[in-house]
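You will see two complexes here that share chain A, one where it goes with chain B and one where it goes with chain C.
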Partner chain A sequence: MFNLLFVFMMVPLIGCMFAIMAKRNDSNAYFVSLFTTFSAIIASLLLFSRINYIGDGMQLKYSFLWLESMNIILTFGMDIFSLLMLLGIYISFAIGLVGLPEADRKNKTLQVMILLLLWLFTGFFAADDLVSFYIFFAGMLIPLYMAIGLDGNIRKKSTLYLFFLYNFAGILLLLFAIMIAFRFYHGNMLLREFSLIKMPMKVGLFVWGGVCLSFISRIPIWPFHYWISSISSGIKNPLVYIVTNLMPLTGLYGFIRFWQSAIADSMRAYVPIMVAFCLLTMLFIVLTGIARKQFLYKLFSYMTVYYLMFLLAVVLLSSIFLTDTLLMNIGYALFIFLIVNSSLVVLDLRLERESAIHKIEYKGVLAYMPKLAAVFAYFVLIAIGLPISSMFWNNFIIISALFNFSFFIGLVVMVAILMISIALLYELYLMRDLQTYATNNIEFSDLTRSEQAFFISIILILFLSFFNPLWFVF
Partner chain B sequence: MLEQIIYAMPLLVLFVGIGYFSLFEFRDNEVLFTFKITRLTLVMSFVFAVIFYNKPMIAGLVRANNYSLLFQVLLYGGTMTLLFMSRKWFAVMKESTHMFCYALLLSVFAGNLLITSRNLALTFGGFILLMLSNLLFLRKIAYKKENAINVKIYSISAALSVLFLIAAIVFLFEKVGSLDYVWLKLYFEENSFGIVSFCAVSVFILTFMFLLAIAPLHFWFTEISGRVTLPVFGYFMLVPLSAIWAGLIRFNLEVAAPISQFLRLFYIGVGLASVTLGAIGACSGKNMRKILAYSAVFHQGIMLLLMQYFTLHATDAVFEYLMVYLLAVWGACICLFGLKIRGEYLFTLDEFAGVAFRRPYIAAVLTIALFSMLGLPPLAGFWGIFRVTEVLMYHGNFYQMLYLIVMLMCMGFAFLRVVQNIYFENSHEVLDKSDKGTYVGLTAFIVMMVFMMCFPHYWIENLNFIAEGMH
Partner chain C sequence: MIAYTTALLFLIGIFASFRVSVRFDRLASFMVCLLVGATFWGFEQAALEGGEEILSFMWNSSPSGDIKIDIISNAYNYGLILPFFVITIVFIINNTIFRYEESRNNHNAVLLFNLVALIMMITSNNFVQLLSALFMVDILALFIVKDVEAYRRYILINIVADMLIFMVLTLINCRVDTLDIGEILLYKKEGGYLDFIAVSGLLSVFIKLGYWGFQVGLYGLRRVRLHRLQEVLFLSSPAAAIIILMKFHILWRSSFYYVPLLCVMSILTIIWGFVASVIYNDYKSKIIYWQLMFWALFVVLLNFYGFVWSENFTRLLLAMFVLQLALYGLYFYMRRRSQVIKMMLHPISNKGAAYTIGTIVTAMFVTISGTLTLLYNNTNRYYIWLFGILFTFTLSTTCRQLHFLFKKKMKYEVEAQSQSQSYKTLFFAILIVISYVLSLGLPYLKPTTWGFALAFVVLCFKNPLAFTYKLYKKQNLQNNDWGGHLYRLFALRPLVFAGRCLFVVFDRIVIEKGIISLSVSCGRCALRIFRKLHNSRIIGSILVIILLIALLYASFVQGERHV
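Right, the complex of A and B next:
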């Protein structure tokens, strides 16, 4: 039977098939990826128009019996939150593809892996039952590992091993937890039912311990921060960088879906420990970000701080008042956050490439490219939360809710955000230093017209979101 | 009588083939001819096995049903693949194929006995023939001096196990008065169970384990695998496993089930030892074949862990795990047959450096096979790990599962080293052109992988049905 959601989910997979069949050492696979990503964006906009905003839970549902003997019915659906995340991811992929250097566009294997990831992301955000959620959550590991390995510029082998093993452990722990739940429920279940299962305390500890550790393995919280920070610091390919830094989103989304109804009783006692780790990691990563000279590392610190803030909001507020409205605020903020980060990554890596080619210092580099400088500055201003996008409103509400929950937690979050914002602004100031420009009159390749138009359209999306976060839905 | 002869056709055809090879010695330049004879024998035997899948030649000795058919399909499938893929090697190396084909037919004959046997004497016969064919592979086909010590160890161990088996058979026959599985089961159900009886049953289980190379009886297999030629390695990975597992599962359910409480701890111990040694051994290996051999020890350890329960649920999971594992091994072996430099098949991990840049399709399939063995979705191996976890959780074995997770990570590390060499390293060595047959095999593998993942009800529910028949 024709189902719009099913067609939507298949778009990246079909693109992947075409990319596999494309010629090697040619840009055909790249154009297939680009076309697929833009098709997915259009398809998601179409889905937005079919979703009822007031409706509760997953919509546009479809399910099929996968395995009768084990009562495994795979269920997929969409709600505004997951669709918004998907749109954000698609736009991020599009930004990454546009910003991909010419040489990297010919890497067919990378394009195949990226499209595979796009499909897995789509399935992940559409999954509404335990088994399909697990399959898409775990499935992301192989293409991501391949993408990082192929084009991540990772010099130390051990980093890649650790990355895979951390994530693999997380995946197995999630399977472990899901299977215990299987035992109590006698089969597959919807995600929102998971937190409602009544289990003995010890069993609950195993289950929720497994679930939390598996999601935390995707988020850079100490001691799980190592793989993501060490990998992020080496990546020079914008697309791979963007994809790698989307992984924490999967962990965060896992928490949102699993703790949708209520926080598990067996985990309630451990929430303060988790919060303490989050806060310490936040402060630690901010200080590391300030100490490092690279803008990209500061951006990584910024992303981590924000992911942790969203995580704190989900974990703490779900135990008392994680309302649909607040959840949507997190969704809107994340949507803008994903787009801004991807744009900054692409632009910064371009700056790095240009400064390496012309052998000039990073300081003052923006002065050579006025068009890029304008776009770059705008994105930095959005990132730090100025009132030029909906991120301003949404962050304001989330931080207020955290202050409302605990003044201390709110204060630490606020300080971390403030410090990293200052660091970003200072970096922007250094990059626009005009003193060096006066002495070095070099011709840089600034943004082309098409690139300029692309980034301006992105800026327009962000700016209009200030008035209505879902302005693009008709 | 005529009816029984007709039902025995699968074995008779094999017997004729073996007899033919015993009587006539073929010259080295008759590679194609010997392979043709072997292929014809196998195809005919398989066709008869399928036609008479539920007709036992002697009802008291063998049991023919959908269970035996399933394992016969795996046995013949593995053998045909090996035959198909090895042909080129023998043609290039100009080695005699006579002994290879002879030993292969002997092994399939022994495999058939083990799959269908419901009598200890017949199982014993299957063991003897399988040990003999293994020995022929190790000693007569592309024998290398550095293998001598391991071949000796294998021979001595095999001879010892035969002696123990004879003692066990004599003891059980004296006690029960029959070697039929049904009578043995009845005897164990109705009588108090002594230490000697336990030892007698254990001797059979240990022989199965010895032939499967499950730890601590893996010593001959893992060491030899790293040194033997690819056709011999392919034989050990593709041919006997399915037949021995068929025999072990049947023996476990039809004879040893009444003493499950004694065997449970034994299975847990051996299973965990295999899992540990397999994972650690694979991590330390620098030789691709050795890594795959240790991975076989590891995966069989997992299946043994499941066998501790003696339930329909667990048997079902063993079937599924075995299926997805054999599929992955099948894919990996085909890949190994497709990769060579100047006529020599790739061996060490360093030789695999940069394979992805020169043979992307083979590299991708090998990677898929390895990741499938780790149980990562969306690959078919997911079903294996999924069922293992489900069974262990169903029985509340949280700690065994956690241990398995740690060992799976070790195994993951071993496979990562391979994938890292294939994709992230480079080398300027030029690989030989691969046969079209390799690509056909690899495409078939991918199709099966997709089918098994997308339509699990077609095969899992049929396996459930077969497992139900066993109980």
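Right, the complex of A and C next:
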């Protein structure tokens, strides 16, 4: 039977095929990527209208028998949360593509890798069974590694290897956990059934430990944040940066899918340790973010703090009441968060390029580009949680739930958010400093009319979400 | 009806935000004035008719219930909105009369949106609406100030205040599980962290009001044009702070720390405001501290009255506003000189204007002292008069240049104002009308009503604090930004230092030089060992034998355990 979800999942893959066949050293592959991304956005909007909001679990399901001998049936489906995440990812990719420097647009390999990643992301968020989830989860690492290696401009290659090894270890852990789970279940299973498998305590601990560690390997948690942070702050290609910083989302989503119904008994005792590490990481990353001068590092700190806040909300509230409404609040906030991050990355890297070309200080650079400055300021204000997007009141609800769980946890989260907000704002005003502007009279290339229109439409999406997070669904 | 007014103001704001050419700017601004004036007239009529109406519609949902937009029209809210409405209108009229802004109309739009946000705060009945409006006021302040250097500290310190209030409301919401402001007293029953909530909430209010220790944000605004400064001082964060305090004092006052903290900080601010406004040469700095002093008194008076708004508070606020506008006139006629020393060297050449300003200032003094008399009658708190004395001294030192008009012939400043006389007359006419309305119903028979005004006039001629003028020439004192130094020393530097230490110790030393180097060395060592094993040397054979023995031993020990 013709399935809309299947078609939707195939869009990036078809785009990837076209990109492979495109001319080398030309922008053809770039335009294929752009077209594919926008097609995926339109397709996801179409899917929104087919999904029932109140409906429970995955919808628009389809499955097929993959390995008959092992009784592996791959199942795919979509719910409003995963579709919202996918839309956020597609828009982030579109922002990254628009912000890609002219020279990088001709890099065909990069475009192919990016489209492959787009497909893998789509598959990952649509996966409803253990095997397909693992395939897409593991599959992302190779194109990501290649994209970073090819176009990330990473100076320390050893960091890149360690980044790969660290993530690879995570994948292996998940593989072992799944293999052990297979022994108890005798075949593939749906994700929501995973937490219901009866396993001996020690085995459960090993399985769940593996699952948790594999997801954590995607999130920069102290003391393993270093590889991710050094990779993130070193990347100069906006698209690669965006993709790299979408990796924590896969870890977070893993927790949401595996722990949505209940937290595993064997892991319950270890949750406080995980929470302690999350809080420690938050404070550590925020303080180092304040101390570092690079805006990208501050942005990385900001992303980490927010990812960890969402993780805390998912992990802690799974053990009491991760209601559908609260999960959707997390989803709405994440959606805005993804778009804002991508926009800030693109704009900041543009500023860095311009300041490098004109050999002027980073301080005061925004004074030369008034249009970019206005857009940049708007995104920073959204990022810090002001009420110009739905992130504001969703954060309110999430933090309130965290306070309800524990006053101390809520307080640490608030302190971390406050400090990183101040750091971002301070950096914004440093970039808008007019003192150096008077002495230098240089012509900068500000946002073009089409770029301006693009970013204004993004701003409009975010602003309208303040009134209704799903305003685009009819 | 308030909902109707708010919608109209919002629509006029949208109309005003369209950019028009310089040629039609004043005309468009005048149109906006008329429209806002008509809206105000409708608002006043509705306020006089009274009655209660509630406009409520659902905005979104949350686990704690629906998020609603509530606009409650009742006599209390009408009374509370009135002063802010009047102040906004007068600022818009001034904006039309004087050449304040490059685009008058856009500035009017910002002021109107700000008023809408304040109305939303006043009429709100749920946390999310209140917070949204509060944050909007702060965002709009950036558009009012329009000076990156000036608002850097202001916005940074305000974001701390906003986050504090955000945290307080999330904490209340999590315990009472409702977004309804009317239900906040349930928090007392739930218990826990009441002192924390009260202290955090008060800190937020202190920061917004620019209380002692937190004045750095508002003081940073001394760089901006005076009319913008006055707009922020009356309509932005301080006004929002007063509204917050009025909404939440009912819960916060249950804390043991509430009253002492509020009183001590208010008194410190009044004293600090007095000292700073006397010693500073900069006219704008004087006005800032003077206003901070006023807000501190205002909070104390509101506290005496249980934060129940009344006509007297409206009168007090508007009288202060008119006084400030009169001072703006003084500044304007002194060719916008911001140094008081220079102002005194070049008094106003336009005697008519000077006399009018002097009369308005004195009349407002009568209004303020008359209102204080009314407020005193109900509370019998003697220290209200202490404030009156400090206030008189402060203002007399600020307005001392007025007495030169009567003293001797000076080298007058050449008339250099480009504004036509009719516009200036309009400005004074508005001030006189408001002054007249405010003066109605004052206790004129009480000596205190006149006493302070007379004292002010006398002090303008013979001021015992005249010695402070010597301090105006002390550059170290005038240019030193103590607040900024303390802010950097105690807030910024420790954070940056801690961050650098953590980065160097953990990221550089432990991870980069420790873990990564160790893993690389281990890898190299393993490679070397395996290479040696493959060599046909004796050492290779010995290594293989050692490894095999180790393996055998491990298997033996493991086997023993299982047996």
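Throughout what follows, the second predicted complex is superposed on the first by the 474 of 474 C-alpha atoms of A that agree within 3 Å, B and C clash if a C-alpha of one lies under 4 Å from a C-alpha of the other, contacts with A are read in each partner's own complex, and residues count from 1 in each chain.
Keep in mind that, in the parts below, a residue touches a chain if its C-beta (ideal position, glycine included) is under 8 Å from a C-beta of that chain, and two chains touch if they have at least 3 such contacts.
These numbers come from a predicted model, not from an experiment.
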Fit or clash between chain C and chain B when superposed on chain A: fit
First, second, both or neither for A:I135, with chain B first and chain C second: first
Partner chain in contact with A:Y429 - chain B first, chain C second, else both or neither: second
First (chain B), second (chain C), both or neither touched by A:V243: neither
Touched partner set for A:L372, first chain B, second chain C, both or neither: neither
First (chain B), second (chain C), both or neither touched by A:L173: first
Partner chain(s) touched by A:E68 [first = chain B, second = chain C, both, neither]: first
Touched partner set for A:F396, first chain B, second chain C, both or neither: second
Chain A-centred angle between chain C and chain B, computed on Cα centres after superposition, in steps of 10 °: 160
Three-chain overlay, closest Cα atoms of chain B and chain C, distance in Å: 5
Interface residues of chain A shared between complexes with chain B and chain C: none
Chain A-touching residues of chain B, taken from the complex the two chains share: 356, 360, 371, 374, 376-378, 382, 385-386, 389-390, 392-394, 396, 398, 401-402, 405, 408-409, 412-413, 416, 420, 423-424, 456-457, 460-461, 464
Of chain C, residues touching chain A in the complex: 59-64, 67, 127-128, 131-132, 135-136, 138-139, 148-149, 152, 155-156, 159-160, 163, 166-167, 169-171, 173-175, 192-193, 495-500, 502-503, 506-507, 510-512, 515-516, 519-520
Footprint of chain C on chain A - complex, ascending: 158-159, 162, 222-223, 226, 229, 284, 286-292, 323, 325-326, 329, 381, 384-388, 390, 392-393, 396-397, 399-401, 403-404, 407, 410-411, 414, 417-419, 421-422, 425-426, 429, 432-434, 467-469
Chain A to chain B touching residues, read off their complex: 24, 65-70, 109, 120, 134-136, 138-139, 141-142, 146, 149-150, 157, 160-161, 164-165, 168-169, 171-173, 175-176, 179-180, 182-183, 206
